[in-house]
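The following pair of complexes shares a single chain, chain A, combined with chain B in the former and chain C in the latter.
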Partner chain A sequence: MSHVNIGSSPFIAKLQRNGFILTALGALGMAAVYFTGGEHGLERLMADYLIGFWLITGISVTMMFFSALQYLARAGWSSSIRRIAENFTGFVPFILVAAIPIILNMFSHHHSIYEWTHESAATDPIIMKKAAYLNETFFIVRLAIYGLLWFGMLRFVVGNSLKQDASADDITPTRRNWKRAAPWVLVYALTITFCSFDLLMSLEPHWFSTIWGVYAFAGNFVSALAIITLMTIALRKSGHLAKYVTDEHYHDLGKLMFAFSVFWAYIAFSQYFIIWYANLPEETIYFTFRTANGWQWFGIVLVLLHFIMPFALLLRQDVKRKITMLKTAAYVILLSHFIDVIWIVMPAISKVIKHDGILFGWQEFTGVMFFAGVFCILTARNYMKRSAVAVNDPLVHEALEYTS
Partner chain B sequence: MMHELEPVREPLVLGNPSMRDVTARIASIVESKISLKYLLTLGFTATMAAWGLFALYYTITTGIGAWGLNNPIGWGWDITNFVFWIGIGHAGTLISAILFLWRQKWRTAINRSAEAMTIFAVICALTMVLSHTGRPWLFYWLLPYPNQMQMWINFRSPLAWDVFAVNTYFTVSALFWFVGLIPDLATLRNYVRSEIAKKIYGVLSLGWTGSTRHWHHYEIAYMILAGISTPLVLSVHSVVSFDFTVGIMPGWHTTIFPPYFVAGAIFSGFAMVMTLLIIAREILDLKQFITLKHLDNMNKIMLATGMMVGYAYGMEFFIAWYSGSDWENWIFQNRLFGDYAWAYWTMVTCNVVSPQVFWFRKLRRNIPLMFVISIFINIGMWFERFTIIATTLHHDFLPASWGYYSPTWVEISIFIGTFGIFLTLFLLFAKFVPVIAIAEIKSILPGAQPAHHHGHDEHAATSSTTSAEVHS
Partner chain C sequence: MSNTPVGVVGEFTDPNVITHAASKIAHAGYTKWDIHTPYPVHGLDKAMGVKRSIITYISFAGLCGGLSTALGLQYWTGAVDYPLNIGGKGFFDWQFSIPIDFELSILGTAIFTVFGLFHLCRLPTWYNKYQNDASFAKATDDTFVVTIDADDDRFSAEGAQQLLRSLGAENVHLVTAE
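Here is the complex of A and B:
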């Protein structure tokens, strides 16, 4: 089958243009955060940068996981939309570059957002015990390892999917992915876990939770699904995927979003409930601050937007085939994921800069705008370079004729 | 354009049988004469069950003191066995409900027997949990009912949540299983020769005629029950994990427990399904339906869930160190090197190391090997629960209350007895109920699906035994 080249379409041009606008606005906004922030301008800037960095890194990496998972499961239904996820991985090679400001910030001792890099940490009896893990050198080494492994995953999993575009008769690249997707899924599980420990959990260096990696996965996966859904709808609506996407795909993406927003709620509830019930001070520090001083509204909004709304919106069968409802649910999920990350990061920053109240304003939108813009530009770039559909995937015919 | 994808999409039913062949093949198991071998096996498992019931009788008349429990260790084999059996009961509903929602057609060959195992395993779990209360004749004290004295159960106790979680699970699983059975019971009603059997299957099939209307309602009911069962698969073992986590004992209280327990439950459940199905497919000659492809898929799931369990072990360990909590740290070192290190290493070897062989396709299709590994996993998952319970309890916070626990013959006998109950019920099921969902298997035969493009076989296409094609 012939490739689906939509790189020169108005839709992709618009995506790229909006990407540039968002990036520019985000960059200007971040500069404003720094200059209006006074004494703690740098911490605020770095916190907002981290929010954007984590959101886009997590989602980009999870897009590779989505692709690997489809190969692992030999999924036929998704073979015509799998490339949509793969085209969202453009940020992966730049993760390490984008991490440099976070690393540099760790050495600006008084202004680092990571409390364990402060001089006071050297005498903190709890942080001292973790010094073998929480130290600058090992942190940088770990980030480098994640970045390199993710780059390897990109080259292998997405790379083989792209190689399959060359020929329909020789399915060696696909076979390679069928065979090797599983170890990459394992790599993903471990890297996303430890990366979430390093970037997010260590913002509160006294605190710990064994489920944290699963929590990070759940939020990223449901957000990745929401983005895939939005893109699938947009591309089909503009006529580009008419031949490849059917209502059945909407239905299945809707089911997945439904399932994984419930999964997120399950994991979030498990974490909250077990800590709340046992009421041990070393664990409750995380939630006591986040359920007071105005932060409690974030928690309540999360229950509503990250769980109840998607649940109520997507429960019915027919709704999963209706574009408006599906889009609403996807936007709600993305918004709630953003709120979730703010709720994780910002209260920790309040503690670092000795600020008791809520720390939330226009500033928190700048980092995510910048990174979302970069994400859009790199995605548009991928559409300009390659086919929008894995047309030669040996299972693609199944995607065209299946019923969900 | 289209590829020959023989290795990717293997047929799920071998030998290209017609719909009539399928009915005949599976119903003939029910119709066949009871063999001496079957009776001997049944006698053996029933004796095991009777022996367990005797030990239970001994416990009730003597008191829990008949067991090896002692002061620091108030939970031993009783709760270990309870969690073990409840865990086994998870694969059935996962296969029936979650794989149904995921449209995994290979489930049709194994869902019936896996779900039967679920129900039998939950019965065993209930036996264990009732016996551990000490005075099981007062079991109704666990239920909240209006009474003159205004005495209510403690709703804040996870043990009370267990009562609701397990009973709900049992009820819904049994209903789901029975609803799925109705068309097949009707098939048997039409098939068997004995008048009495006809009557019994007739009553049980609730007047099923196979009309389109019946199928339509059946599909809706099945879908709704699958939807209700899916969260139950996750909730039951999560609630069981709360028995441990909401306490503040080091080694018990950790946030990953709910998903970790669910993954472990599915892991152990698949192992048990595997063990029994390998035997059943040999003896009942079901190789045509339960193919190597099915076993391969199940091995993959065991590898995946085994890795999830391994991930949880790793997280517990890492965070025990990372937390900086001396208690947590110590309890995990004690697991590795303490009095129960042998149990811990048995668990790791069986659960994390042994399933690694399933990375290789050749080994995933090696029946003797997978049989051995499935038994390893059963053993390992039992030891997982034992490790969690015993290592945390045996060294209490004060060295004065340190102890060691070994079971007495009574506990061992009760455990053997639960296996007796489980196997006896399974044997009865295998003889009197269609072990494979006849109607569902028909729906995946070549030609049964209206949109199917390949391999139209005239024989199958013209056969009109039932309107099974409705089942899509």
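Here is the complex of A and C:
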């Protein structure tokens, strides 16, 4: 079958243009955050940068995981939409570059957003015990390891998928992915876990949660699914995937979004429940701070938007085939994932800069705008370079005729 | 009562033909008829014009039953009948009720779904009026068997047989009660 090249279509041009606009607005916004932030402008800027960085890094990496997962399961149904996920991985090679400001910020001791880099940490009895792990050198080494592993995963998993585009007869690249997808999934599991420990959990260095990695995975995976769903709908609507995507794909993506928003709720509640029940001070500090001073509204909104609304919207069988409902659910999931990351990051920052009450405003939208813009540009670039569908995947015929 | 007609039986071997035949029979207006297949055929229920099952509503009733049992049980035992202070927690806090709510909701849903399905599938059925027919037995092996019941309003032994033959059925015959 011939490649589906949609790089010159108005849709991709629009995606790229919107990406540039978002990036520019985000960059201007972040500058404004810095200059209007007064004494703690740098902390606020870095917090917003971290929010955007984590959102886009997590989702980009999870897109590779989605692809690896389809190979691991040798899934036929997804082979015609797998490339949509793979085209969202454009940010992966730039993760380490984008992490540089976060690393530099750690060395501005008075303005670092990580409390364990402060001078006071050297005499803090709890942080002192964690110093073997929480120190600047090891932090940088770990970030470099994640970045390199992710780059390797991109080259291998997505790379083999792209190599398959060259020939329909020789399926060696796909075979390679079938064989090696499992170790890459393991790499993803470990890196996303430890990266979420480093970037997010260490914002609260006195606190720990062993389920944190699963929580981070759940939020990222359901958001990645929401983005895949939105893109699938948009591309099919503009006529590019008419031959490759059916209502069955909508149905299955809807099922996955439903399942993983419930999964997120399960994990989020597990974390809260165990801490609430045990009632140990070193564990409860996280939630006592986040369920008071106005932060509790974020938690309540999260329960509604990240769990109850997707659950109610996607429960019925027939709505998973209706574009409006699917899109609504996907946008709700993305919005709630954003709120989730704010609820993780901003209370910790308000502790660092000793701010009373909610620390949330227009500022928090700048970082995510910047990174979302970069994400759009790099995605558009991928569509300009490659086929939008893995046309030569040996299982693609299954995707065209399956019933979900 | 030796020759009372029970219904007409026809055999098909091709799953694509059976799907086409199913919609034709449904369009002909028959309501009391069925297809017995050796394995589930995708899209057959749609072609037959089978309405959406009410099983989801039965399941939902099970969920409501399970959830209210869980909440009621925990509230009554914990806060009304025998209040105990455990670890300084409230007598009835939503936090600790969630796992029980969750489990009993699932239990209620599962039980209602399984037994609701039994009921909707008329299980257990010890007797089927076609069970002594040789064609009917093939439905468990490699043949798609269509049965049109004699108590259908439109049934006529000739008409039903003719319809099945015209749709490509083999070994079409009338089954009578013995």
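Everything that follows uses one rule, which is that the second predicted complex is superposed on the first by the 404 of 404 C-alpha atoms of A that agree within 3 Å, B and C clash if a C-alpha of one lies under 4 Å from a C-alpha of the other, contacts with A are read in each partner's own complex, and residues count from 1 in each chain.
Everything that follows uses one rule, which is that a contact is a pair of C-beta atoms (placed from the backbone, for glycine too) under 8 Å apart; a residue touches a chain by one contact, two chains touch by 3 or more.
Note that the coordinates shown come from a computational prediction; the quantities given were computed from them, not determined experimentally.
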**Request:** Sticking to the clash and touch definitions up top, decide whether chain B and chain C on chain A clash or fit.
**Result:** clash
**Request:** Scan A:395 for contacts with chain B and chain C and give back first, second, both or neither.
**Result:** first
**Asked** After lining up the shared chain so the two structures overlap, which partner does A:208 touch, if you call chain B first and chain C second: first, second, both or neither?
**Response** first
**Message:** Is A:126 touching anything from chain B or chain C once the two structures are fitted on A? First, second, both or neither.
**Reply:** first
**Request:** Please indicate which partner A:403 is in contact with in the superposed arrangement: first for chain B, second for chain C, both, or neither.
**Result:** both
**Prompt:** Of chain B and chain C, which one contacts the greater number of residues in chain A?
**Reply:** B
**Prompt:** So, A:358: does it touch chain B (first), chain C (second), both, or neither?
**Reply:** neither
**Asked** After superposition on the shared chain, which partner residues are touched by A:277: those of chain B (first), chain C (second), both, or neither?
**Response** both
**Asked** What stretch of chain B clashes with chain C when the complexes are fitted on chain A: 98-106, 422-430 or 458-466?
**Response** 458-466
**Item:** Those residues of chain A which chain B touches in one complex and chain C touches in the other
**Value:** 273, 277, 403
**chain C to chain A touching residues, read off their complex** = 42-43, 56, 87-89, 95-96, 98-99
**Item:** In the complex with chain A, residue positions of chain B that touch it
**Value:** 1-3, 5, 8, 101, 103, 231, 234, 238, 242, 245-248, 253-259, 307, 311-312, 315-316, 319, 322-325, 359, 451, 453, 472
**Fill in**
Per the touch rule, the chain A residues reaching chain C in their complex are 269, 272-273, 276-277, 279, 317, 403
**Item:** Residue ranges of chain A in contact with chain B within the complex
**Value:** 1, 74, 126, 129-130, 133, 168, 171, 178, 182, 186, 189-190, 193, 197, 206, 208-214, 255, 262, 266-267, 270-271, 273-275, 277-278, 280, 282, 394-395, 397, 401-404
